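Structure incoming, see below.
As written, the chain order gives the labels A, B, C, D and E, with residue 1 at the start of each chain.
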Amino acid sequence: MTTTPIKPVSPAAPERSETPIIMGMIAVLAVLPLLGVYPYFVMQALCFALFACAFNLLIGYVGLLSFGHAMFLGTAGYASAHAAKVWGLAPELSILFGTLASGALGVLVGLIAIRRQGIYFSMTTLALAQMIYFFYLQAKFTHGEDGIQGVPRGLFLGVLDISKPLVLFYVVLAIFVAGFLLIYRTINSPFGEILKAIRENEPRAISLGYRTARYKLAAFALSAALAGLAGATKVIVSQNASLTDVRWEMSGEVVLMTLVGGLGTIFGPVVGAFIIIAMQQYLAEFGQWVLVIQGVIFVACVLAFRRGIVGEAAKVLRRNL
Amino acid sequence: MDEARVLLEVKDLQAWYGESHILHGVDFRVREGEVVTLLGRNGAGKTTTLKSVMGMIGKRTGSVQFDGQQTIGMTSDRIAHLGLAICPEERGIFASLNVMENLMLPPQVRPGGLPVEQIFELFPNLKERISSQGTKLSGGEQQMLAIGRILRTGARLLMLDEPTEGLAPVIIQQIGRTIARLKQEGFTILLVEQNFRFASTVADRFYVMEHGRVIDAFANADLDANMGKLHEYLGV
Amino acid sequence: QDKNVKIGVLDDMSGLYADVGGQGSILAAQMAIEDSGMAAKGWKIDLISADHQNKPDVGVNLARQWADQEKVDGIFGVLTSSVALAVNGVAKEKNLVYMNSGAATSDLTNSACSPNTVHWTYDTYLLANGTGKAVVKSGGDSWFFLTADYAFGHALERDTTDVIKANNGKVLGSVRHPLNSADFSSFLLQAQASKAKIIGLANAGGDTTNAIKQASEFGITGSGQQLAALLLFYSDVHSLGLKMTQGLQFTETFYWDLNDGTRAFSKRFSDRMKNKNQPTMVQAGIYASIIHYMKALEANGSNPHDGVKMVEKMKSMPTDDALFGKGEIQPNGRKIHPGYLFEVKKPQESKYPGDYYKLIATIPANEAFTPLDKSACALVKK
Amino acid sequence: MVEDFILETKGLTKEFAGFTAVRDVDLRVRRGSIHALIGPNGAGKTTCFNLLTKFLPPTRGAIAYNGRDITSMAPADVARLGLIRSFQISAVFPHLTGMENVRVALQRHRGDNFDFWRSKKVLDDLNGRAMALLEDVGLTEFADVTAVEMPYGRKRALEIATTLALDPEMMLLDEPMAGMGHEDIEKVVELIRRVSANRTVLMVEHNLNVVANLSDTITVLTRGQILAEGDYATVSANPEVQQAYLGASHG
Amino acid sequence: MFNISTQALFAQLLVGLINGSFYALLSLGLAVIFGMLNIINFAHGALYMMGAFCAYFLLNVLGINYWMALILAPLLIGFLGVVLERTMLQRLAGLDHLYGLLLTFGLALIIQGLFQNYFGSSGLPYAIPQQLTGGQNLGFMFLPNYRAWVVIFSLTICLATWFAIEKTKLGAYLRAATENPTLVRAFGVNVPRMITLTYGFGVGLAALAGVLSAPINQVRPLMGADLIIVVFAVVVIGGMGSIMGSIVTGFALGILEGLTKYFYPEASNTVVFVIMAIVLMVKPNGLFGRA
């Protein structure tokens, strides 16, 4: 009863470079606020997109479904918010601190969880995430339900005034692009090839002499750190860190984003994150109908676009996306 | 032999895995009480033929008549109740069931199956490991279990896909004897084999497949005369 | 003069408190705009609304987007303390008017007070003071708390404990249960074992209703112990029914059947509600706060989009509406009005639909909320 | 003459809940030889492989490889010493192409590399070698086909190519010919003979032709114990072996 | 806090057992669906809620009492489950169970959203049936009759289900069909129909739990939403696919949670996850799970 590995969408698709699409994506993102799209919305979505990409690195390329990824988003959030607000660290240092904190937590959690398979892995991560949640609920510095409010922004790298929305936007975009490219590179690195082999057939990889546990741990920690980067950036954007980010619902949300966009695709998580965040933002006006509309979209997704939006597109275009 | 009823008649059978067209019009027939073997290279479509007859392939066309009844449009559970059973190539032992549960799993579709004691007689290994988890058995033991469990069901046409794969010579001989005995008891057997030596000891007739078609057929009696052709087809 | 103003109602539309706020909040706001008669005076008041899902970050994002994109001038409603505090920051940053009706936290007018914020309907101080004091005075002098384990619950327990002690009562113990506990029997047994006269429910929403229901099942209410719900809304009593809630004491600042003014408003309100429910005090607060805001808009005369100026104006004007009566807004943003200690009627005492409450005591406006000299707000000159 | 054994076990035993699959096995494999492990189904051959490659911990006994005690090593570390196995149920990376399957193995030569920041283009150097290996097992035309889509026999061939890619000092092959057609069997026999030139092969096989043809030494296992050992002629003449394994027709 | 009186302890254990019955009943349904059909039924909480609402409507609209509701609600909601399976879940056969999870999650949102729109969030009252009001004074605690009934009834249902699945061939079919539906079908078992009925049965169990809980908890649209993750944890701790595992774990968790509520109440919602982490560390496949 283990999770069957998620199949890549178009396994035998001819190798075509994704570089033009990536450039295009960055270009589109960069002009969005100039076209009148609300920059805070894009920033919020970018943070979640990075979060989903980090999560997708695990599920899509290592075959590990973490159901506790919120703990990394939230840990980095609290760590950077505390660093910025209480210790008065510069924003880039706060973000770095949050990222490292999540990476370190990733190593710890990974050490425990990585030896479990399939659904039991997911459940171990969920269990640990709930304990972390409990810790944050009880800990004084997180201010419980109220969260850490009013996190200062300050000067990024000492020069960029990120209290200006547009400056902040481009800083966030740069962070996202850096994270995205790192993930993209990871997938297409020699290391990534080994990860794929492990996902496909772990005993065989072991028999070839790969210490698979270390590879999985490395991937897990990397994913945790990148999720942390997303969480820390998000805190600088929204200026608060709250329990929402460590709840299990958040761990579920990132699964949804990735599924809606397309598991194991390069751009799927980004598309999925934008869709879900847009839904939350724009459906908010529908008040009580939000839940129903969201539900209908998920059901429709599964029934009609099983591979996720990007996955379906990839199939139609017969290429990797 | 010639008077015997035709139990299975396959005409222009075509089958697809998703988009890929695998069988391009397979024709053959099996008479009641016969042992017929499908030979052919890896990938010729032997397994696919068995699965299509059993109704386990999503898309298939043509005609498959069992005992005079057209089965091409039926689902596999209904086909099974007509008295067909399959022992698949990859054995299909269930990890979540123990040996006994695996053995008892297929429902009896007709009277006249072998009683469990006789199955244990044939394959004593199984009796020893009766409460082990199915997939913990050795490769060969799993093969025995896969054969054993369809003997119970009372199906009249048994389709065995490479039953000797991975078995020790002593067991292969035993399976050979079993097939002979089943034949005596009136079972009809459709066999897929790579092990030509084994097939030649049990089969009445052979069909040779290539690229999703039956390309030749001959009886066991004519084997010597056909060795040259066979060598060409299979490299025996 | 610019006579175009846009306001937003930000509330829980789909979650635990959707009955307390939700659609009713929007309706209350609409009615306020209509009743203010501003349109006739040439004003154009736009109303938008959204669901904050009880998540602070969703609340912050919506508020910020409203300010930046929708050019909203004022935010109303905002149930749930954590969201309320988060929105408080945005309102200040964007210089909006922020009139909260629904959040319990008294921090809004203390440590977190802001020149842009008015806190209308009630707060933990009132709940603690109103219910705590009255219950102790009527003989319920030993307490045991069932407290929801989060900031609001803690604050409520802390404040009530102070009041009980100040009135020579004692607190025998408390349990802190996680938010959204389905089962309270375990906690109730502990409360029962404490032999306290009063079991104080320092929680809200589903936690409170389940605790009340199970207390009756375990025969607690029948055995001499009494429940005091520190925060209970009309919608809760309505949903639990009188059989379950009879005899409960709690504090509210509005009840539909209080006087002619409230009755008239409530009739119009319930006629327009899909489920024909009477308004809760939170919805009433939204109505009243918008009415006051409209008056200030008119009286102001200068830029209506300057949040701080608008709030200053509102503070300078006495409040007067049919729902909360006469009152004022203190320098720290606290709206002052009387509180009422109610008791739920027995089923046989209820004469007509919605006839649920008996008025036990009125807490005068000047005692209901934190005295100004005790306020931790920096806006209060000492 | 001192014989040079690359692999030696002493009293190797494996018990599964109340059942002894391998009992007191002292196996010695001479360096450079092709050694066959045969025996009836369930004799414990695969279990032996699992013990030797550390996929199962032994209940008792010791294993020495190249004179070094590997009894308590991790499986990946054993593989790193040059002891590589194949699996009885074919083990490939199903959604990778033939080429990628082999390349994953070739990548091992790059050492323990966590270089996630480097492009996989650096692996293109390996393509030539991978292609050569595929050709060796007759899989040239399958280089771009994903493994799931290959017929069974091809998967076995692919697995052998992957194993060879590591240039192992010793190969453990579990029924490498099972499910292959006759032509392929001959090809693989040739292949094994060729690659065994400077390495040791320990294999499990039920195809007696292959065993007779290839192996220098044969160990017969029954019920977890060694029954006989020697070359094919010796072993097949043993009446006990005939009774337990070969069956009547091999009198 | 640590001066435990044995009386209080007894009371807590008993109360824990009562809660355990709900966990057991709910996790049983979930385990049947997950273990047997490989669907992570995220709609379980919503269907549980529908069971409770169903009882409410039967009583208040049609005047059908609690006892009939106990039979009718599971049938009605179970039938709804059959429809859902036939029209939607069936299309996901053979796919990774993530898809089932997403679909049922979507369904849960729709159901809960609709109910909330029509019935608000604070819920509706449902009275304890006449025959079961009142309670027994056990000396160390007052045990409401209704709670005693809940324990006895759910224990009976759990054991009957366990028997039907583990001691008959049905269980073997179901487990085998999870692994290889094509083959089981080729053996002559109508797998799709079996799966549909099993899903309907699991859903019926959820609805049954809903009816049982209606007189205790307020009948609220969100009553199942918070429960689902805990119940799922129970299934995992018990060992996925193990019927007995989910029953035993359900009751045991109720008791452990009860003790936590006494000694460290703040952590009573977290204790299940602590247990899950520990169990999975020691027994990777859960307490009763097959390797």
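Here, a contact is a pair of C-beta atoms (placed from the backbone, for glycine too) under 8 Å apart; a residue touches a chain by one contact, two chains touch by 3 or more.
Worth saying up front: this structure is predicted, and the values here are computed from it rather than measured.
The chains that touch both chain A and chain D are none; no such chain exists. Note on interfaces B-E and A-C: more C-beta pairs are in contact across A-C.
With centres defined by CA atoms alone, the chain at the far end from chain A is B.
Chain E has its Cα centroid 49 Å from the Cα centroid of chain D. Look at where the CA atoms of chain A average out and do the same for chain C: the two points lie 37 Å apart.
Computed from the mean C-alpha positions, the centre of chain B lies at a distance of 76 Å from the centre of chain C.
The mean-CA centres of chain B and chain D are about 30 angstrom from one another, to the nearest whole unit. Touching two or more other chains at once are residues 1, 288, 290-291 of chain A. Residue positions of chain B touching 2 or more other chains, listed in rising order: 96. Looking at chain E, one finds that residues 113, 116, 178, 241, 266-267, 270 touch two or more other chains. Viewed as a network of touching protein chains, the structure does not reduce to a path, ring, star or complete graph.
Chain pairs that touch one another are A-C, A-D, A-E, B-D, B-E, C-E.
If you check the complex, the residues on chain E that touch chain A are 35, 38, 88, 91-92, 95-99, 101-103, 105-114, 116-117, 178, 229, 233, 236, 240-241, 266-267, 270, 273-274, 276-277, 280-281, 284-286. Remark: chain C residues 13-14, 18, 22-23, 26, 48-53, 55-58, 60-62, 64-65, 68-69, 81-82, 85-86, 88-89, 105, 107, 112, 149-152, 154 touch chain A in the complex.
Residue ranges of chain A in contact with chain D, taken from their complex: 5, 7-8, 11-12, 182, 185-186, 188-194, 196-197, 200-201, 203-212, 214-215, 218, 222. Of all the residues in chain B, the ones that touch chain D in their complex are 41-43, 89, 125, 129, 132, 136-141, 143-144, 162, 165-174, 194, 196, 234-236.
Every residue of chain C that touches chain E in the complex is listed here, in rising order: 14-20, 22, 149, 175-178, 180-183, 185-187, 189-190, 192-193, 205-206, 209-210, 213-214, 217-219, 223, 235-236, 238-241, 243-244, 275, 277.
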